[in-house]
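Please see the structure below; I have some questions.
Per-chain numbering from 1; labels A, B and C assigned in written order.
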Amino acid sequence: MNLLFAAFAFIFDPANLLGERGILPRLVDHLLYTGLGLAVAFVIGIPLGLLIGHTGKGRNFVIAVTSSFRAIPTFGLLLFIILFTGLGLWPLVVVLAILAVPPLLAGAYSGLESVNRDTVDAARAIGMTEWQILFSVEIPLALPLILGGVRSATLQVIATATIAGYVGLTGLGRFLIEGLALHNYTIALAGAILVAALALAADGLLALVQKLVVPRGVSRGLTRSRSIRPKKPTGFRVMAMAPTKEG
Amino acid sequence: MIEFHGVTKEFADGTLAVDDFDLVIPSRKTTVLVGSSGCGKTTLLRMINRMVDPTSGFVDIDGEDIAQLEPVKLRRRIGYVMQNSGLLPHRKVIDNVATVPLLEGVPKREAHARALELLDTVGLDRSLANRYPSQLSGGQQQRVGVARGLAVDPNILLMDEPFGAVDPIVRADLQQELIRLQQELGKTVVFVTHDIDEAFLLGDQVVILEIGAHIAQKGTPAEILANPANDFVANFIGSGRGKRRLTVDASVTSSGDDLVLVDGAGYAAGVVDAPRGVIARPDSGSKSRSISNKTDQAGDA
Amino acid sequence: MQWLWDNLDLVVGLSLEHIQLSALPIVIGFIACIPLGWVAHRFRLTRAIQLTLFGILFTIPSLALFVTLPSVLGTKILNPINVVVALAIYAVAIMVRGAADAFDAVPGDVTRSATAVGFSAVSRFWTVEFPLAGPVLLANLRVVSVTTVSLLSVGALVGNGGLGYLFINGYQRDFPTEVMIGIVFTLVIAIVFDQILVGLGRILMPWSRTMASADRAARRAGGSA
């Protein structure tokens, strides 16, 4: 418990906030890695998931990607890549993106899949183009699940960006790695608390956004509509949508 | 006028849904396609707005082959009403009704004003305009669906079992409403149902379909009732089972003012709303044929 | 490859350690989720509390949890218990939500009719609800299994990562082969665990395969109509 107090004392000591090895610059770096990894993954995963969800083709691809990527030990993959590329920002970003693609893909795909096919059929029958169906029917209705994927991806990336501290970069994980290397467990614990706090804050924020984007008319309490009946958990849905954890 | 010429549809999995189908659907009349599930009636309906394209043969609207038309443009000038309304759950009633006019670039105020008028037309209170579909009853949702179908003032209105999912009382209401609307508007209505009573009630022309969309018989309800073409039709419309062959029950006629009718199995089916003496003899079957039987609708729900 | 044969003892030893350290949290997660998931399924209030609590624990990055647990449990930082407890927490977090969903998915008329024909609450649970929740429980357990096996390697940074040791050692010696062998063996363990679970599912729930294929057949038929 003394260790815990010491760790909090470290975090709240103004001397540790700024400066080259301070909390703030490392937080900024951590957010930078997270943002870059997510951005790359977003550009790949979301359009692909929307395409598969809209056309209904490639469902097996989604489950293959989500379940096999989950098995890859990210930590090992990052070290392996770095041994070939050398230290740098981009190997980390690539690995973080690899990590974030499956939840984004699964979220976008499952979101579209959860939209009532009758609603889409009717939209087409009254003369909406495929783009209009995608952007004004499917995406708005799928947004909560799409954001669920974003939320899951963000958490994983924040957690995994911790190992940046082990491969010559900084981020909040640097406190952890330094602390472990120097057997200074106060600093290690302080780093752990900071990373956990960042993850919790990001998750809370995204959970809030996720609630806000539920389209009016389909929010809870108006469940008489058949179109948003929650789908039964099937093996596939669980395998694709279960939260993943890599770091 | 909508014409089917030698239309065939084979789905990717090999199902032959429609096999060499020919039909002329007259303008400004209601044509009902009726048959059991899987007979291809919905496929036929969806060929008219190119939701399904025929494998061979072609469909004309007013002499124009629709295969030459852009599907999206074609659909925007044809009204479409489906079971479970197909409303967009995240848009208010008024925006649902105005969907297509807004897509077509009609200014929002104008489109909304027109949508409110349409709510009047289908018998919905304007106060419902700002609700979401999930806040309406099933019957109200169907009315909104009809209003949306009418929003671009189309000549053609396609209705795919629109009253199939509401309870019998609401359904009877909606049917009467549609009859009233059709008298006012005179659209070319193509209506799909599996309920023969609904078909006879609404249809100027009724087309009874067998598997593969083979036409078992077509004609006015009276023609079909008077002369079922074959056993399939007789069975389908119920006359084979005696459900439509009503006779006056002699045993109870003396007790009340009304003549009681019984069906072929001897169950009471209704009363004659006519002065005594018009129906001369208790077994005069030819006159009672035209009294359609409405008692078994609940069983089809 | 030569490196693998030269160091076979090390790799096999680390693999066994990896199997042991990851199997334990998986088993704990499965056993704990049954009562916890059932409670969450039955009571709305505890469900909200349980899911929030485990959701928060799940959110904590693994390395952070590995480092924090010693000061909570009073263990030494290199004690393997820290890693096992952390992974068990994640396993339970996934499984509780999954189990609650699984019990929710058991059709109400089935449990009601089981009650009606005279099952007691306890026997109804073990003979009706639990088996019928089985397929969804299994799907969740497979997720837990593959996640745990993969995640354990991070534990190498606190001295208990099974094959993760090869990552760190290979990285420090600038020797990619060693890292690659670590990755391959981790994947093999994940696949073997998954196949064991699938096999157990087939033996214990012979009906679920026929149900799944009937489901697919029904969807195909519905799709073409």
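As a convention for this text, contacts are C-beta pairs under 8 Å (C-beta built on N, C-alpha and C of every residue); 3 or more make two chains touch, one makes a residue touch a chain.
Being a predicted model, the structure only gives us computed values, none of them experimental.
Trainee: Report the chain whose CA-based centre is farthest from the CA-based centre of chain C.
Mentor: With centres defined by C-alpha atoms, farthest from chain C sits B.
Trainee: Just to be sure I understand: the centre of a chain is the mean of its C-alpha atoms, right? Then which chain's centre is nearest the mean of all of them?
Mentor: That would be A.
Trainee: At what distance in angstrom does the C-alpha mean of chain C lie from that of chain A?
Mentor: Result: the chain centres lie 20 Å from each other.
Trainee: Taking the mean of the C-alpha atoms as each chain's centre, how many Å separate chain A from chain B?
Mentor: Here the centre of chain B sits 50 Å away from the centre of chain A.
Trainee: Between chain B and chain C, tell me the centre distance in angstrom, where each centre is the average of that chain's C-alpha atoms.
Mentor: Centre-to-centre distance between chain B and chain C: 54 Å.
Trainee: Can you list the residues on chain A that touch chain C in the complex?
Mentor: 1, 3-4, 7, 67, 70-77, 79-80, 82-84, 155, 158-160, 162-163, 166, 173, 176-177, 179-180, 185, 188-189, 191-193, 195-196, 199-200, 203, 232-236, 238-239, 242-247
Trainee: Okay, in this complex, where on chain A does chain B touch?
Mentor: Listed in rising order, the residues are 116, 118-119, 121-129, 132, 137, 140-141, 215-218, 222-228.
Trainee: Please give the residue numbers of chain C that touch chain A in the complex, ascending.
Mentor: Checking each residue of chain C against chain A gives 55-56, 58-65, 67-68, 70-71, 77, 90, 94, 98, 101-102, 105, 135-136, 138-140, 142-143, 146-147, 149-151, 153-154, 156-158, 163-164, 166-168, 170-171, 174-176, 179-180, 182-183, 186-187, 190-191, 212, 215.
Trainee: Quick one: in the complex, what on chain B touches chain A?
Mentor: 46, 49, 51, 72-77, 80, 82-92, 99-100, 103, 132-135, 148-149, 158
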